[in-house]
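Both complexes shown next keep subunit A, but they swap its partner, so subunit B is in the first and subunit C is in the second.
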Partner chain A sequence: MIEIVTPGLSTTVQDTRERLGTAELGVNVGGALDRRSAVTANLLVGNAPEAAVLEAAYVGPSFVVHARTALAVTGGSVDVTVNGEPREAWTTVELRPGDVVGLGPCRDAPRVYLALRGGVDVPVVHGSRSTNLLGRFGGLAGSALTKGSHVPLGPADGRAVAWTVPVEHRLAARRRDALDVVPVEPDDRLTQEGLDTFFSTDWSVTPASDRTGVRLAGPALSWRPRPQQLGAGPDLSNTVDGGYPLGSIHVPGGSGPILLHRDGPTMGGYAVIGVVARADLDLAAQNMPRSSVRFRRVTRPEALARWDEYRAGLSSLPSLLVRA
Partner chain B sequence: MTDIVDVDSPLPGVFFRRPASDKPPFVETGDTVEAGQTLGLIEIMKQFASLNSPVAGTVVEILVEDGANLDPGTVVVKVRPSDG
Partner chain C sequence: MKTYASGEDHLTVELEPDMSLGVNLRVIRLGRALAERQVDGLVACYPTNASIQVRFDTDVVGPDEVARVVEEVAQVVDQEDSATLRARVVAIPVWFDDPVTRACQEEFSTSRHDPTVDDLTFCARVNGLSGKQEMIDRYAGAPWIVSAAGFYPGSFEGFQLVEPSRQLMTPKYLSPRLHTPERTVGQAGCFAGAYPYASAGGYQMLGRAAGPFYRPAGDLHDFRESPALLKAGDLMVFQQVDEAEFGALERQVDDASFRFRTAEVELPVGELLRDPARVAAQVRRSVE
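The block that comes next holds the complex of A and B.
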C-alpha cells in the first residue's frame, strides 16, 4: 500500500483493459491514454501489461510507501525523487517502507504513468480497473486520488530485477509530425476547402484538453449547406444523434475541433468528420497545451496497418528492456 | 538586501489575476504577501489551481496579464522577500 501525500492535479487509477461492449450503457472504453507508456511502466516492475497503474496529469503525486514494492515512472519527462534523492524515470526503482516518493511537474507531455509492483489492486468494474470520473466508478471509489488516499497494491513475487528503457524507446523518441486520420465516408459534411483547411492547419492544443478530449484552436472550417435533418440540431456541424467511435473528431459550431479520447462521450449530435488512427491515440494525448498538432489523411487500410505495427511494437516491448 | 524571488508556474494553462471577473485582483504591485498566499489562478483541464507565493514579502512585478497563456516555467510574479 502507498499513501498519497500530495495528489497532483488529477491522478487516477487506469489500466489498459478497455471497457468493451458497454457503449450502449453510455460507458466509454476508458483506460490509460498513453497505453504504450502504461504497459512499459508495468513491464519495468514485473507486472502483467494490463495491471492497473496511476496516471497523473501535468503534476505527479507524492506518496509514502507502507510495504516493500518497486516503482517505474514513464510518459512525459518528470523529476522523480526518493527521500529527496533524484532517481531515473523509465527505470525500476526499489522502494522500502517509509520511503517518500516525489514527482515534479511534467515538462514535455501532460501525462506520466506510475506502475507499482503488484499493480493497483482495486475491483474490476465492467471489465476494467480504470477510473471513470464522470460515472464515479472504477479506480479508487470512482475518484481522482486525494491527500491521504490509500492505494492498495496486489501481491507480487518480490523478485528485485532492475530494468531500464533505452532512450530511443521512450515517449520523446516516438513523436510524429502528424496524427493519422481516416475521414468518414462519405466525407460530404465539410466543403473541399474545409477539409483542405483541416488537413493543412497547425492546430494549437488548448489547456481545456483533458481525458475526455483534446481540444484544438485554429481557423473555422466551412460546411456544405444542407437542410436540417429531422432530429438534428440547427447548426451545420450537427447531425442526428449517433455513436462516437474512439478517436472521433467533431467540430461543434464549425471551429475548435475536439478529438474525443478514452473518457469521451459514446454518442452525440455532432457530425464526426474523421477518426484518429488507433495507433496515434497515445501520442494524441501527450501534446502539451499550445503545442501544435497536424493531421494527415490516411485510408482505412493504412490506419489498420499502423494498428498492426503498434500491436507488434507492444508485443516486442519486453525485448527492449535492458538491465539497469 | 534579499534577492527577488521569481514565482514561476509549474503548470501550463490560462492565468487569472482575480477569483471572478467582478472581483478585485488577488494582488497588485506593491502589496505585501504572506508565504502561501494566492497570487493568481491557473486554469487547466477546466479546473483551477492556485499559484501561491513561496515567501512572505512585497510584490514587485506582475509579468503575466489576466487571461494570458502560461507554459510550465513561465515567471508570473516577482516577490521581494521581507527581511528575517
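The block that comes next holds the complex of A and C.
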C-alpha cells in the first residue's frame, strides 16, 4: 500500500482494459489515455500489461510507501525523487517502507504513468479497474486521489529485476508530425475548403483538454448548406444525436474541433467529421496545452496497417527493456 | 438506410437523417435483433435515436461484411408488420415548477430567451399553449420513449408518443448553464431529458424528479442490475406530484425504500404509429 501525500492535479487509477457494451449506460471505454506508456510502466515492475496504474495529469503525486514494492514512471518527462534523491524515470525503482516518493510537474507531455509492483488492487467494475469520474465508480471509489488516499497494491511475485527503457523507445522519441485521421465516408458535411483547412491547420491545444477530449483552437471551418433535420440542433455542425466512436472529431459551431478520448460522451449531436487512427490515440492525449497539432488524412486501410504496427510494437516491448 | 465506416472499427448505420417515432422504433428493434443474433466479430451495438453505432473486431470482420449482416437483419425486422416491442414502463414522479430549478433559472437569466418569464411559461408560449399547467399536462400527458440512452453516465433522451402535430418543441438555452440541479427534468428540441447529477446543460428546466436516474451504489431496488435507470426502448410516464408528495418520496430515497412504479407492456408498433393517443393511454394506465 502507498499513502498519498500530495495528489497532483488529477491522478486516477486506470488500466488498459476497455469497457465494452456500456455505451447505453453513458459509460465510455475508459482507461489509460497513453496505453503504450501504461503498459511499459507495468513491464518495468514485472506486472501484467493490463495491471492498473496511476495516471497523473500535469503534476505528479507524492506518496509514502508502506510495504516493499517497485515503481516505474513513464509518459511525459518528469523529475522523480525518492527521499529527495533524484531517480530515473522509465526505469525500475525499488522502494522500501518509509520511502517518500515525489514527482514534479510534467515538462513535455501532460500525462505520466506510475506502475507499482503488484498493480493497483481495486475491484473490476464493468470489466475494468479504471476510474470513471463522472460515473463515480471504478478506481478508488470513483474519485481522483486525494491527500491521505490509501492505494492498495496486489500481491507481487517474482524476483526484483531492475529494467530500463532505452531513450529511443520512450514517449519523446515516438512523437509524430501529425495525427492520422480517417475522414468519415460520406464527406458531405464540411465543404472541400473546410476539409482542406482542417488538414492544413496547426491547431492549438487548449487548457480545457482533459480525459474526455482534446479541445483545439484555430480557424473556423465552412459547412455545406443542408436542410434542418427534425431532432437536430439549428447549427450546420449539428446532427440528430448519435453514437460517437472513440477518437471521433467533431466541430461544435464550426470552430474549435474536439477530439473525443476515452472518457468522452458516448453520443451527441455534432456531426463526426473523422476518426483518429487507433495507433495515434496515445499520442493524441500527450500534447501540452498551447502546443500545436496537425492532422494527416489517411485511408482506412492505412490506419489499419498502422494499428498492426502499433500492436506489434506493444508485443515487442518486453524485448526492448534492458537491465538497469 | 445508409451504412458507412466511422474510423477503423465502427460502422454507422443511419436509418434516417431525421428523427421520428417510426425511425426510433425501427432503430430499437434492429438494435435488439442485432444483439440477439450472435454475429462473429461484432463487439458492441449502440442504438440511438435514428442510427446505430456498431463496433466490430477488425481482426475478424470488415465494415462491408458487418453492413451486409445489418441489412439482412433489418429486412427481417422491417417485414414483421404485426410487430410488437416489449417495453418497460417507468413512472417518474416530478415536482414541476419547483423552487430549486426556478432559482437556477434566475441565476442563469442571461442565458435565456426571455428572462421575464420562467421556463415552463416560455415553453408553453413557443408551443402555442395557454400557460404553465397546459405545458405540464402535455408533457406529462403522454409517455416518452427513451429514444437514446447515454452521453454521460445515466443520461438519456426521450421522444413523446404523440402525433407529429402534437410534438412539443423548445429551443435550448441561448448559452449553456454552468450548472443544473441534480434530477432536473426538461426539454430541448423535440426531446425530453434529465440531469442525473448536477452538471452544465442547456435544456429548458421544467421540474425535478423525486427519484434518481443514476445510482452507482446500487442500493435502491431499481438499480440492482444497472447504475442507470433507463435504457433505449423504455417508456417514461412523468407524473405530477406536489411538494408534500415530493418530500415524502425523497425521504424514501434516503432510507433506500424508494421504488419506481414500473410495468411491462407489449407495444403494437403499427397501431402506435397510426393512433399514438390510444396506445399512449394504455401505457399510462399500466403505471397508474
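By our rule, the second predicted complex is superposed on the first by the 323 of 324 C-alpha atoms of A that agree within 3 Å, B and C clash if a C-alpha of one lies under 4 Å from a C-alpha of the other, contacts with A are read in each partner's own complex, and residues count from 1 in each chain.
Quick note on the criterion: a contact is a pair of C-beta atoms (placed from the backbone, for glycine too) under 8 Å apart; a residue touches a chain by one contact, two chains touch by 3 or more.
Treat the numbers as computed from the prediction; the structure is a model and nothing was measured.
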Of subunit B and subunit C, the chain that contacts the larger number of subunit A residues: C
First, second, both or neither for A:Ala277, with subunit B first and subunit C second: second
Partner chain(s) touched by A:Ala173 [first = subunit B, second = subunit C, both, neither]: neither
First (subunit B), second (subunit C), both or neither touched by A:Ser10: first
Contacts of A:Gly247 with subunit B and subunit C, given as first, second, both or neither: second
Partner chain(s) touched by A:Ala67 [first = subunit B, second = subunit C, both, neither]: neither
Common ground on subunit A, meaning residues reached by subunit C in one complex and by subunit B in the other: none
Contacting residues of subunit C [partner subunit A, same complex]: 2, 4-10, 12, 14, 17-20, 43-44, 46, 48-53, 55, 58, 63, 148-155, 157, 159, 171-172, 189-191, 197, 214, 216, 226-228, 231-232
Touching residues on subunit A, where the partner in the complex is subunit C: 20-21, 23-27, 132, 134-137, 142, 182, 184-186, 229-234, 239-248, 265-268, 272, 274-278, 300, 303-304, 307
Subunit A partner contacts - residues on subunit B that touch it in the complex: 10-14, 43-47, 49, 69, 71-72
In the complex, subunit A residues that touch subunit B: 9-10, 57-59, 104-107, 207-210, 288-290
